[in-house]
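Lettered A, B, C and D in written order, each chain numbered from 1.
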Amino acid sequence: MTQETYHKVIDRIYREVLPYHGRGKVADYIPALSEVDPRQYGIALETLDGATVAKGDASTCFSIQSISKVFTFAMVVRHLGEKIWESVGREPSGNPFNSLVQLEHEKGIPRNPFINAGALVITDRLIDIYPRPKEAILDFVRELCGNNDIYYDRRVAVSEREHADRNMALAYFMKSFGNIHNDVDTLIDVYCHQCSIAMNCIDLARSFKFLAHRGVNPIDGKRILTESQAKRLGAVMATCGFYDESGDFAFRVGLPGKSGVGGGIVAYLPGKLSIAVWSPELDSHGNSLMGIETLERFTTDISSSIF
Amino acid sequence: MTQETYHKVIDRIYREVLPYHGRGKVADYIPALSEVDPRQYGIALETLDGATVAKGDASTCFSIQSISKVFTFAMVVRHLGEKIWESVGREPSGNPFNSLVQLEHEKGIPRNPFINAGALVITDRLIDIYPRPKEAILDFVRELCGNNDIYYDRRVAVSEREHADRNMALAYFMKSFGNIHNDVDTLIDVYCHQCSIAMNCIDLARSFKFLAHRGVNPIDGKRILTESQAKRLGAVMATCGFYDESGDFAFRVGLPGKSGVGGGIVAYLPGKLSIAVWSPELDSHGNSLMGIETLERFTTDISSSIF
Amino acid sequence: MTQETYHKVIDRIYREVLPYHGRGKVADYIPALSEVDPRQYGIALETLDGATVAKGDASTCFSIQSISKVFTFAMVVRHLGEKIWESVGREPSGNPFNSLVQLEHEKGIPRNPFINAGALVITDRLIDIYPRPKEAILDFVRELCGNNDIYYDRRVAVSEREHADRNMALAYFMKSFGNIHNDVDTLIDVYCHQCSIAMNCIDLARSFKFLAHRGVNPIDGKRILTESQAKRLGAVMATCGFYDESGDFAFRVGLPGKSGVGGGIVAYLPGKLSIAVWSPELDSHGNSLMGIETLERFTTDISSSIF
Amino acid sequence: MTQETYHKVIDRIYREVLPYHGRGKVADYIPALSEVDPRQYGIALETLDGATVAKGDASTCFSIQSISKVFTFAMVVRHLGEKIWESVGREPSGNPFNSLVQLEHEKGIPRNPFINAGALVITDRLIDIYPRPKEAILDFVRELCGNNDIYYDRRVAVSEREHADRNMALAYFMKSFGNIHNDVDTLIDVYCHQCSIAMNCIDLARSFKFLAHRGVNPIDGKRILTESQAKRLGAVMATCGFYDESGDFAFRVGLPGKSGVGGGIVAYLPGKLSIAVWSPELDSHGNSLMGIETLERFTTDISSSIF
């Protein structure tokens, strides 16, 4: 498909999905997120052969939240390789209700790296590896999208930290099983920062191109992950990337991807393209309602999914 | 890739995996299955452009067990369409331990059509639709692989029926929520029969070609499912096809597929090929140990998976 | 206390609690129970030294439902003694939500004999012991209260049987673990009959006197249970007799007792008296709302509980 | 019974149970407890009419651990009355495995005040009420047993604090539901101190006499709780005082009581007596093995329990 075709497809989808404003609900678990103007909607697409599309609020920065789990996971897996699977599983977590039961049943080993418990373990390992973890995360993300202006939104980070009781509970619980190595306060500080990274759709689409490109960053040709690591990260995203809506996302969209409660979703078609959508209104599972709708129409229109 | 290349790849994998005999354990939950000779191993592959490979015990028939869930699901979904999702979910089920909790928590709606509870609901709907359900299932499978010799293994069906207490429990439990319509004894009879269907690897690879071919049976050109239904069935298989090892199968193999405790696994690469492996020895999750090993090597060797 | 004092106490409580009519809800899980006139309320008390009080609808028969679990348990424990604890636990079951999880977690061993799963195991053992179990149960109850007119309410039994899907599920589930010995249909038939026994408050108060009397039936002086068995049955009732409201009943009333969804409650003060209350309207936990209120006032007024 | 009879009974039980040394296992979850000499065994009994018995190591101090939950609960309930039940339940908690599920399911409200989560809520309220909570607890306990030498074992408190990850997790988890008001570090500090109180059997038996005496401390005649509060605290102890062995304790012993992992157990017979036993070796549920054995023989020998 040509750049022009992609433009047309995205334009049409944008018009069709725009009227969905008002059907979802902005995240309200921390004040800093709840104040975001809900009526925003952006799409950015980048193909490996050079087409790019940016539509609507594609240049507006927002809080990437759980999308950051993909970045920290990539940082840790390139250092630890397969050893990481001793500390975290790679199975979907089923019912959200069960997260703590599962942690207890499985002796502090979270089901996968994309539920909060798993992401905390990953960040804990990142602190083991990097002496200055907060700087390291920023450096990595900046390199991925070739943009040195990526920053932490300190206001969000502070708000996040003030409402971190449940993550504190998860961290102490896993620490009681020996699966958290570092001081819990330090861990939560780094974790709240990674969630607060502000990026726009264009940055995000770019930052996932190394996954579409089998592990190599197309911007500078640097290998981030081995081909096998990249494929496997894709598999984990496809089965676990959307909490207890992962099956539904595979069903409706059919791409590996990751969402955040800030309303962002990034996904990619291996060998082809990456695409980021943002709209702050969430469905009942905490995923961007218009984001999923957009991606479902996109894979239907271009007749491509991984299935 | 040419027929010859596929031959070489399969030959080499066969030699490499053959020494794994003895590492797994034949299913022992019903006598008829436990008596199978464990030292059997077959592979069959069919590509959409005409290549075929059959290796080892590819012509020996075995009990397809849970692989039958894909056939009954396809039969029901072509009649009921999206309505089926009112009676069954499409999310991975997480911990096996939780199956009954989830059923209770979600008012008798199973998590997905490939856990036993979900497959029972599907067979119940099939009984609603077809006046002679057992004949209908055989007809459907025979048509899929163009082989009228497919049959029920009555000995396995009887053995299955004698050890169906847990499935009886699941069926009555869902009936108490109104999610089973038919008489439970009838339902379990049909279900035990579908599990007892005897097929070989060549049949199985052929029977999944309509999925690789986006819903159309390449044997007779007949459309079985719409393209969208086929893609979505693939997505459900990829996230839910291997019980609580679904994430691991996606991670290691990266293809939509389905396994049975008889030791069979079928998988396919959309637009390309379908492949069936059989070896009766199971890993701790009830999936064929040599089957998964074979498929992992296969997708690595041909450098293709959906991710 | 004299007969006269008891009369006054019961009279006053009756007047005070009567206005509570309308606060609860008659059981509706089977049609035969839902048709009962809700505006009924009876109390019967019998002391070991000969005082008796009957007030309101104390002579009207109703369905004893789960109260029958105490009778079948007594019948089985006198035959099997301590061995019964290999098949059933004696710990409160906590959250009702968990009954099936616990059964799964504990390999088919129910938490205690007074949840449905446990009562099914007890009735299964009763069928092992008695060639004609339904007759045996009636004989036992008739002997306890010296009344040969105690009968099964066939209409309730039939209605019960038609709505037994969940109990069928429990029975098959435990059978899959080997903890049910008999044919499930037979078991459920006996179980539905025991629940349908029709008794009035006077009968019920009399039938529990052997527990107040340390195991000996004061009517005919026959020992039903050893003193130790009687004490221990009391302990199990006090901790497990009211489902997930057992703690609350101990807290508010402070007597060992048992309730049924027919609206009956029987309790006793060891060495002193037994008391039965009936009112069909239930609280949210399935226990008679006016029954519990009556007993709470009674133990407060006579300044006696086991605590 | 006379003082002499009690002496004989206790003497005989002591001799019979002494050979049980070696069957249990000293608590090892914190170093300070694991170092205790296991071969210790003491019994102290006090009746309301003046009999006292002290046997074996009845004057040796040990860590009371969870027995402290009864003291803090009494302190809080006399201030808050029935309002406390808005923040904590009074139902047995069933399976230990479920503690966190239940907390999640019931929105941060623990099942009862004697599981750790519930005791943390009680201590949190105590911090609301008393400006100097650690002093207040000591004062209360000293007054109960008329002994100003009761003290915190600082070494145990420090060790406890160093291994408090799981309690930290519980506290943060409940705080995320709004059911912990105070700073978690402060809360855990007070909680670790209350667990570290060192008392001997004689002190403990004396400290529970106000419960046997319907709320009034027989030492100085001061009312600690109303009669109703005392009875109700007894009911909660009888149903919830021994974690997931509460039903078994009621069954075997038949007295309201409370145990601690330091190996102490205190129980009482309302209107009659209180009794404390200590032996550091625990059964698989974390209760003193010789302690429960002692009390079971005691209630059998004196033919008295609450049932």
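Just so we're on the same page, a contact is a pair of C-beta atoms (placed from the backbone, for glycine too) under 8 Å apart; a residue touches a chain by one contact, two chains touch by 3 or more.
Only a predicted model underlies this, so the values are computations on that prediction, with no experimental measurement involved.
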Labels of chains that are neighbours to chain A and to chain D: none
Same or different residue numbers at the chain A/chain B copy interface, by half rule: same
Centroid distance [mean C-alpha coordinates] between chain C and chain B, Å: 48
Distance between the centres, which are taken as Cα means, of chain C and chain A, whole angstrom: 55
Inter-centroid spacing, chain D versus chain C (mean Cα positions, whole Å): 32
Residue numbers of chain B (touch at least two other chains): 97-98, 101, 105
Partner chain D, residues of chain C touching it in the complex: 89-95, 97-98, 101-102, 105, 111-112, 228, 231-232, 234-236, 238-240, 244-248, 250-251, 254, 256, 270, 300, 305-307
Residue ranges of chain C touching chain B (in the complex, touch as defined): 97-98, 100-101, 104-105, 165-166, 168-173, 175-176, 184
